[in-house]
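Below is one structure. I have some questions about it.
Labels run A, B, C and D following the written order; every chain starts at residue 1.
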Amino acid sequence: MTDSSVTSTAKSARGPESPWRSSLRQLWRNRPAIIGFFVFLVVVAVCLCAPLYAHYVAHENPFTSNIQGTFRLHGRTIHVLQQNTQGTGLGVTPIGPTWDFSHYFLGADNQGRDVFARLLYGGRTSLLIGTSSALICCAVAAVLGVVAGYFGGPIDWVLSRIFDIIWAFPIYLLAISLSVVLLTTGIQFGPIHVGAGSLLVPILIIASIYVPYVARPLRGIVISLREREFIQSAIGSGASDTRILLKEILPNVAPSIIVFLPLMVAFNLLTESALSFLSIGVQPPAASWGTIINDGLGLLYTRPAVAIAPGIMIAITAISLNILGDGARDAFDPKAKLRGSV
Amino acid sequence: MGLFIVRRFVAAVLVMFAISVLVFLIFFATPGVDPAARIAGRSATPQILAQVRHAFGLDRPLPIRYLLMMDHLFIKQDLSSYVNIGDRVVPQILNAAPVTLSLIFGAAVIWLLVGIAGGVVAAANRGKIIDPIITFLGIGAISVPAYWLGEVVLYFTQSKLHSSVFSWAPGSGYVPLTQNPGEWALHLLFPWLTLASLYAGIYARVLRAELVNALNEDYVRTARAKGLSERRILMRHALRCSLITVVTLFGLDVGALVGGAALLTEVVFGLPGVGLLTFNALENLDLPVIMGAVLYGAFFVVLANAVVDIAYAFLDPRVRLV
Amino acid sequence: MSDARVSTPLLEVEDLRVSFNTREGLVQAVDGLSISVGRKEVVGIVGESGSGKSVAMYSLLGLVRDANVSISGHVRYEGREILGLPDDEMRSIRGRDVAMIFQDPMTALTPVYTVGWQIVEQIRAHEDVTKAQAHARAVELLGEVGIPDPARRVHLYPHEFSGGMRQRVVIAMALSCHPKLLIADEPTTALDVTTQAQILELLRRLQATYDSSIVLITHDMGVISEMADRVVVMYAGRPVEVGGRRDVIRTPRHPYTWGLLGAVPRVESKRTRLVTIPGVAVSPLDLPPGCAFAPRCAYRFEMCDQRPALRGDDGHLDACWLDPTRKVEIRRRVTETGVVS
Amino acid sequence: MTRSQIRVWIRTLAAACVVGSLGLTVVSSSGASPSAFTYNPAHAGGTLKLLASTAGGTLDPQVNYTLQYWQLYQATYDGLVAFDKVAGASSFNVVPDLATAMPKITNGGKTYTFTLRKGIKFSNGKTVTVNDVKASFQRLFKVSNPNAGSWYNSIVGGNACLAKPATCTLAGGVVVNAATNQVVFHLVAPDAEFLDQLAVPFGSILPASSPAKDAGSTPLPGTGAYTFSKYDPNHQLTMVRNKYFHVWSAAAQPKGYPNEIDMVFGNTVESEVTQVENGQGDWVFDPLPSDRLSQLSTKYSSQLHVNPLTAIWYMVMNTNLAPFNNLKARQALNYAINKNSAVALYGGTQLAQPACTILPPGFPGHLDYCLYQKGTGSTYKGPNLAKAKQLVQQSGTKGMSVGVVVTNDTVNQAVGQYVQSVLNSIGYKATVKPLSANIQFTYIQNTKNKVQISLSQWYQDYPAASDFLKILLSCAQFHPGSDNSINIAGYCNHSLDAKMNAAETLGLTNPTAANKAWGQIDEDMMAQGAPWVPLFNPKLIDFVSHRVGNYQFSRQFYMYVDQLWVK
């Protein structure tokens, strides 16, 4: 009989509304979450425009080395890479930001490639990896968590132990070990072969290391659901496992999965960038925000923009996703306990 | 309690066994990693290669090699690196551990202070402007890649502003506490702040959520009805109950960090801790060191889990250890 | 209302209004409640969930912390206006002069402290005594509320008590500063039937011992009939019937009260089925302009479109447009058939 | 750390090849070189602090094969002979060290007779005896020295030792006489490079009591001016003065200046540079980060020392795998790659020089020519893309997929991506595969991994043309399916093999003519086979602190660490 019960009576009096609709409505009303969502959409849209920018505006292919290249700015011909002529004349420095969208807006990297165009392309890669690995991770975790929680017994035991093992493996060490190996061999799974340079390698690595983080809470939810009356009565009425899983269990764990998704995308984006930073994520000449930061480290003292810009992009994207995720949690599953990070 | 310890111990041994097997298999599944060719030298003849392979037991079947490695690591404790021949793994880890511990100790103090203060202030000021500000800062802290933040910090302290504001900032590297406590703290200051920013963000957010939940609990209403001050209710009742979650989180985080999860910070700031040791070993494919470091890391994760459970029981009288 | 005042009231509530500004709109949780509680008097406030009875009591003690709440009216404690007092002054009243007992003893105690610690905390919040003195009093209090072996149990944690025992602890804590007024919010609802009886018995005994007044909030007419001197029936934040226990129980005048009384299982009664009130409680978001109960009332007529005032005689008042004689007639029929409509 | 590896590896020399042994002997047999360093006692003392990001592995001089420690071994260990401790080209010459003089070579070049100096003591105080010499050569086999099977098995009994190292005696191969203090080596065949092989650290003389296995991180006593006192691969390597040392030949083992030399590990390269800038360290071992170069060369130009190396960076094509099993495809890439671009990626024109030839400039046998370029002449002028595209068209390999395998450090990856761009521009579909530096070198050698093209480097062991041509491109060095197949191109041209053998034989009698022959082989190799795309010959930058003086550079072992002044 606190104030919350007042509002809950209010809701029930208004007549039944599907919980999905009401959650979505609540999410829509959460202004920061919606702003986060739109910022994320803008980042995605801008990154998707990368080829247009590279082709029509910058007139540069950001995947081809342009070491001897020149371009004209304010009527002067400028070398993209400039040989140092001072002192003992050591070193070659790429041009810095011109702040001109049609010519090396953020300058060039050590291969004379347009950093801004690479930043946009890198965003496509990072977002693709973050999103798809989060989807794969949540899907796999949902299946494993639900199966473990629902069937219990030896299946649960085996799955839980696998989760324990992955859990106890320091997370970056696991990712690094897998990367070092898979970047040499690629993945051979039956007839399917994934090349070592493929983006699928980091996607699958990142997806798999986080499975326990999602699967464990889901398993807990399913175990408590299983004890609830409606499931027990469904079991009692002789419904098949498949039917119960699809009709009863899944709708009840779905909100939790939805809450996990934006946060997982943010985690995975950060993980991808960290692996790429350690040069064991996305492989060159493909770019991701992490690889551009890595490229930029070699230029940190002369051209800091190369390393700083992608970090800002990562931060903006992750912030927008985290705010969206907070909103999704408030709307769909207020009790969900999530860490801010992994 | 006795049973609890036994169960935990058995579970830990099983998990660590599985991890060691996993590491072993991952390692030998990679082409080009056969350490014999690298140990023997660049153009060693097949005979020399065979001798080296034999000397290191690399010509034995995999299970035997595994057992030999475990024997050297745990029983004889003389397992040594494939890269720095004769450099024993156990002392390497023991030498690296103080660096990691120093890093984590300082960072933990900062992130606990900042995180708890942030969470408490945000929860106590719900509905005021300061709450969303702290929440946003927290989200920002967890959304910024830690290694990137470290690099940016290095850029500003070592290059951009080194001649003005940060002329006192030392270069990266580590100075042992026993050698010079002042320099120790000075060298670790920026790594501390960098590492702590992420965790302070996490803790402030988690604690705020826990406090808000706790402040809606019946016992808080009871406490108000008792005529306690809001401050006392917040600090002694809500915070005390929320700390259970924070302590759990703290235990697991510290366990993972001591075990090597501070790797990125160590790499960026060139701190020769366990994370950097492991990372270098992975880059060098130095299996003995990888094996030792990963098991060491896993041990701390497992240990942290157990300690957290004990702490949990200590903090929450409702919990019984079974 | 002024007729009901038998002596200088300990607590006097006048036209208390509590509303919440929610996203869905303004929620009028309490809409013009006026009651007075005399010394050593037990006042029962009865109503369904959501009728605003708890909110009313919380708000008058400043326990409603919602930022969107607005409270108006007058609350006088021993003649002194306490509504809108600064928190630190309010605190010295809460827990010392006015104590509360809550519905769910399982959650009302902080789980991480021993019951003794929590009692000592309350004593020391209001009285300048040493820890040892407070502790001794805690043991004494626990014994007084019927907890066996209090010297040992004072060191136990709440979860180590059963529900009934925990409610005794809560009562002991509430009594620790000898309050003049005890507000008991559904003190027995969460308990099983035998424990309920014991707790009510305890409250009665303690009330006698300490000379306290009690405001008893409940949805259970049975509890009212055992405890209360006077009764306030609330519906949708409004008092609909006020009167002495005997009057309200024996000759209820409001159709809602009839429904509530019908909802009391009476062992000695010849009836076997419970009367239920059809429909669900009205949403406080869109209260009808007239009688709030009208949408659920079987006897509504045109007059019900206007809001009825609380009126009556001999301290027995009700807010219903029905003709008093017709009420008596309907009431009799209901009692005989067990059917409200 | 991977960057450091580039400099760490030193190349090997295969079995017997005979180049100018007489010449070497003639040059150096005059005894101490007149240009030996003169000692200036005013600058003695102090502690020199060298900075390296990681340790160089085992400290055992008979096992360690890294430049990082070979550079330090110069001041700590001695062989019977040594490379002359002078600056400039003469540092390639061999001079007597523990031996009193250059050996007497008899029996058609198969017998070497040395006389051991008397009164020289190890750093543990024991006197060096002929038995120590004999034990040291036995030990080479017992510790599985990397080149025991390719260099030292030229000693009689060596092959038996390879088969059964535990019972190695080298009976009949190394004969010592304690009374006359003579050491006699009997070889199975004449070997002009035997003296070079004795002069590198593998030929160090160690106490006979040294353990018969890799000593790892335990320092072994030596005879040099310094001795290793402490080694912790994660922290520091410490060298202190050998208190039993006295100068017997300044050309072979001069007296050093600092009282202590420390090599400190575990810093990032960035921090090493900062420390040297601030004078907290004296020298950076690792390659300098490219973004610091321009700042360094402006602000600290007097502390930078740039020296050309006899080394080469090259793209090596697998001549047995499409598309590079086609000569035209290999030539096309030679035409297409702009070596100036590779130079820019390495750090610019002051840091490297475009290469057309296999043998580096200044190396015995080097012939100036440049076959594949825009225009003609012997200096490189730029790529010829039109010609390249035409050749690809003719070869019929257009549109094929090509994987470029490089190591995952910055410079290698950059070159790899550049080469990928070039391959794409002449009609291939190229990808880059960066691998950990520790895997890449064995990975690209093994034919099982089907590597089409990779980036590799070769730094000389000692000055002999065969060290490049015969080791890297002869049929005998190609071992399909093995991780040790240093002829990465898998190139086997029997007529050129025959010419190389002939050049070796010629070298026994006429080194000048032999070097000319090697130069021709070099050009023929590129014309007929084009198994490589030579990219550039790198230079080495040494960055020292402002307090350091007396910088001296050996072309053989680079900067003389012990000759630096810190006072």
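The rule is simple: a residue touches a chain if its C-beta (ideal position, glycine included) is under 8 Å from a C-beta of that chain, and two chains touch if they have at least 3 such contacts.
In this text the structure is predicted, and so the values were computed from the model without any measurement.
Visitor: Taking the mean of each chain's Cα atoms, which chain ends up nearest the overall Cα mean?
Guide: Chain nearest the centroid of all protein C-alpha atoms: B.
Visitor: Would you mind checking which chain's C-alpha centre is most distant from the centre of chain B?
Guide: C
Visitor: What's the distance between the Cα centroids of chain A and chain C, rounded to whole Å?
Guide: The computed centroid separation for chain A versus chain C comes out at 53 Å.
Visitor: Just give me the whole-number Å value for how far the CA centre of chain B lies from that of chain D.
Guide: Chain centres of chain B and chain D, defined by C-alpha means, are spaced 41 Å apart.
Visitor: How many angstrom between the C-alpha centroids of chain D and chain C?
Guide: 94
Visitor: Just curious, how far off is chain D from chain A if you go by their C-alpha centres, in Å?
Guide: Distance between chain centres, rounded to whole Å: 46 Å.
Visitor: Identify all positions of chain D at which a residue touches two or more other chains, and write them in rising order.
Guide: Touching at least two other chains: 435-436, 439, 443.
Visitor: Which positions in chain B are in touch with at least two other chains?
Guide: 30-32, 154, 221, 283, 285
Visitor: Mind pulling the residue numbers of chain C that touch at least two other chains?
Guide: In chain C, the residues touching two or more other chains are 58.
Visitor: Which residues of chain B touch chain A in the complex?
Guide: By the definition above, chain B touches chain A via 11, 14-16, 18-19, 22-23, 26-27, 29-32, 132, 135-136, 138-140, 142-149, 151-152, 154-155, 159-160, 198, 201-202, 205-206, 209, 216, 221, 245, 249, 256, 259-261, 263-264, 267, 278-279, 282-283, 285, 290, 293-294, 297-298, 301-302, 305.
Visitor: Which stretch or stretches of chain A touch chain B in the complex?
Guide: Residues 2, 4, 32, 161, 164-165, 167-173, 176-178, 180-181, 184-185, 266, 270, 273-274, 277-278, 290, 293, 297, 300-301, 304, 307-308, 310-311, 314-315, 317-319, 321-323, 326, 337, 339-341.
Visitor: Give every residue of chain A touching chain D within the complex, in rising order.
Guide: Checking each residue of chain A against chain D gives 63-65, 67-68, 81, 83-84, 86-93, 110-111, 180, 183-184, 195-197, 279-280, 283-285, 298-303.
Visitor: Please give the residue numbers of chain C that touch chain B in the complex, ascending.
Guide: Answer in residue numbers: 58, 61, 63, 65, 67, 87-88, 91-96, 99-100, 102, 104, 107-113, 121-122, 125-126, 157, 159-160, 170, 173-174.
Visitor: Name, in rising order, each residue of chain D that touches chain A in their complex.
Guide: It comes out as residues 289-299, 301, 304, 306, 338, 340-341, 344-345, 347-351, 408, 410, 413-414, 416-418, 420-422, 424-425, 431-436, 439, 443, 541.
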